[in-house]
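Across the two complexes that follow, subunit A remains constant while its partner is subunit B and subsequently subunit C.
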Partner chain A sequence: MPMLHTVNKSPFERGALESCVRLAIKGSSVLLIEDGIYGATKGTTASDMVENAMKDLDFYVLGSDLKARGVDEGRLIDGITVVDYSGFVKLAVDNDKVQAWL
Partner chain B sequence: MSDTKKFLFVNRKAPYGTIYAWESLEVILISAAFEQDVSLVFVDDGVFQIAKGQDTSDLGIKNFSPTYNALGDYDINKIYIEKESLEARGLTVDDLLKLTYEDEDDDWAEKDSIHVVSSAELVEIMDQQDVVLSF
Partner chain C sequence: MKFGIQINEGPYTHEASTTALNFVSAAIEAGHEIFRVFFYHDGVNNGTRYTTPPQDDRNIVNAWSELAEKHDIDLVVCVAAAQRRGIVDEGEQERNGKDGNNIAPGFRISGLGQLIEAGIQSDRLVVFGD
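== the complex of A and B ==
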């Protein structure tokens, strides 16, 4: 059953995002938070992996964590949805389970 | 001064996710107070520390990025960014803070503190140091 996955590590430093997209069941949602938001940016060594994963997974990114790190929404991969804290709560409620990739 | 040593601070972590970036900046400022010859390197995710436009107001934590602007006043004006690290993250020097200093040997002309260097150049810079501190 699809679920919500959160990733809070940079894809350039840890394998959390890579493991998440490898192991998340089709139709799941992935929410990038904290240092995980760098995985939502285009033109990086990780963006091909994310764009490929988006065929099977819905990607979200927490706006407050983008703003804190000076990442403009114009730099995001097309098709990734920016959510606020209420959106984070809604994703958590709408999914039966949440898995945190630390 | 004969007691002056060449100090290099190597910054490799993104800001906010861990405390490394903030701790590094504190130690850098302390070292400047001791009038050492300080250079900074931003490599790997460390390049994110000096991204411009940071705004942590939603997070309730301090945005320490404006502090980097003060480094020039502490005679810290050798700030090296690894080109390969920027490119891997889809960044250019235009995405970074514009850090400058006033050159007292050149009629206080404002000059860039940031130097984008290749990995090969960074090898040489690291080799020239007396002390290397990693964060």
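== the complex of A and C ==
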């Protein structure tokens, strides 16, 4: 049962991303939105956690929220897919459920 | 596909209401149906027409009203959350003896059952919040 998890808070602000990757089952997708996009950047204290989680989970990040924060796609952890809002909708359709980690 | 949307955050708190607006617009664009948008907790603050941001700022309340009118979307404000935060329609004004009301066009006040129904009737319930 594939599930889409959305995380909208920075891993440096709250534990939402950590909780999400700890509890999401293998094969799930994680979409980082709003301040959650900082979890997609490499070379941070959170990037090891995300890189490890990517063995079991597919990671996506909302491109417009990257742009709004001046984060270049070159700063993303390799293997994270950038999507737009239509991609967000498609992820919600393709997964059976959507869980927001607030 | 039918989408139910829940919004738990006010229009100018962080970004959730804007994200939800963009998601709803993209879903409609892709041919999906929005069964209902349910405003809960501080999200009820999206439903007051007295919101007056500076003219060069986004008017998120108006954006919801306009989107609802254009696409016939049901915007429901949780009654208990609304009472706490002073969001009032004509019925609530009369029931609670208030001297006015402030509900924005396209919004209506109702109960939590509307969220449960949205969860049952929609293929996906997507939550935006704080």
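Miscellaneous remarks
In the analysis below, the second predicted complex is superposed on the first by the 102 of 102 C-alpha atoms of A that agree within 3 Å, B and C clash if a C-alpha of one lies under 4 Å from a C-alpha of the other, contacts with A are read in each partner's own complex, and residues count from 1 in each chain.
The criterion applied here is as follows: contacts are C-beta pairs under 8 Å (C-beta built on N, C-alpha and C of every residue); 3 or more make two chains touch, one makes a residue touch a chain.
No experiment lies behind these values; they were computed from the predicted model shown.
In the superposition on chain A, contact of A:72 is made with subunit B only, not with subunit C.
In the superposed model, B is the one of subunit B and subunit C that contacts more residues of subunit A. In the superposed model, A:98 lies in contact with subunit C only, and not with subunit B. In the superposition on chain A, A:86 makes contact with subunit C only, while subunit B stays out of contact range. By the touch criterion defined above, A:8 lies against subunit B and subunit C together after alignment on the C-alpha atoms of chain A.
Look at A:47: by the touch rule set out above, it reaches subunit B but stays clear of subunit C. By the touch criterion stated above, A:38 is placed in contact with subunit B alone, subunit C being left untouched. On subunit A, the patch touched by subunit B and the patch touched by subunit C overlap at residues 8, 34-35, 64-65. Subunit C contributes residues 1, 3, 8, 14-16, 19, 22-23, 25-27, 29-30, 32, 124-130 to its touches with subunit A in the complex.
Subunit B meets subunit A in the complex at residues 13-18, 44-45, 48, 51-59, 61, 63, 65, 88-90, 95. Only residues 8-10, 12-13, 34-35, 38, 41-45, 47, 63-65, 67-72, 75 of subunit A touch subunit B when the two sit together in their complex.
On subunit A, the positions that touch subunit C within their shared complex are 6, 8, 33-35, 64-65, 84-86, 88-90, 92-93, 97-98, 100, 102.
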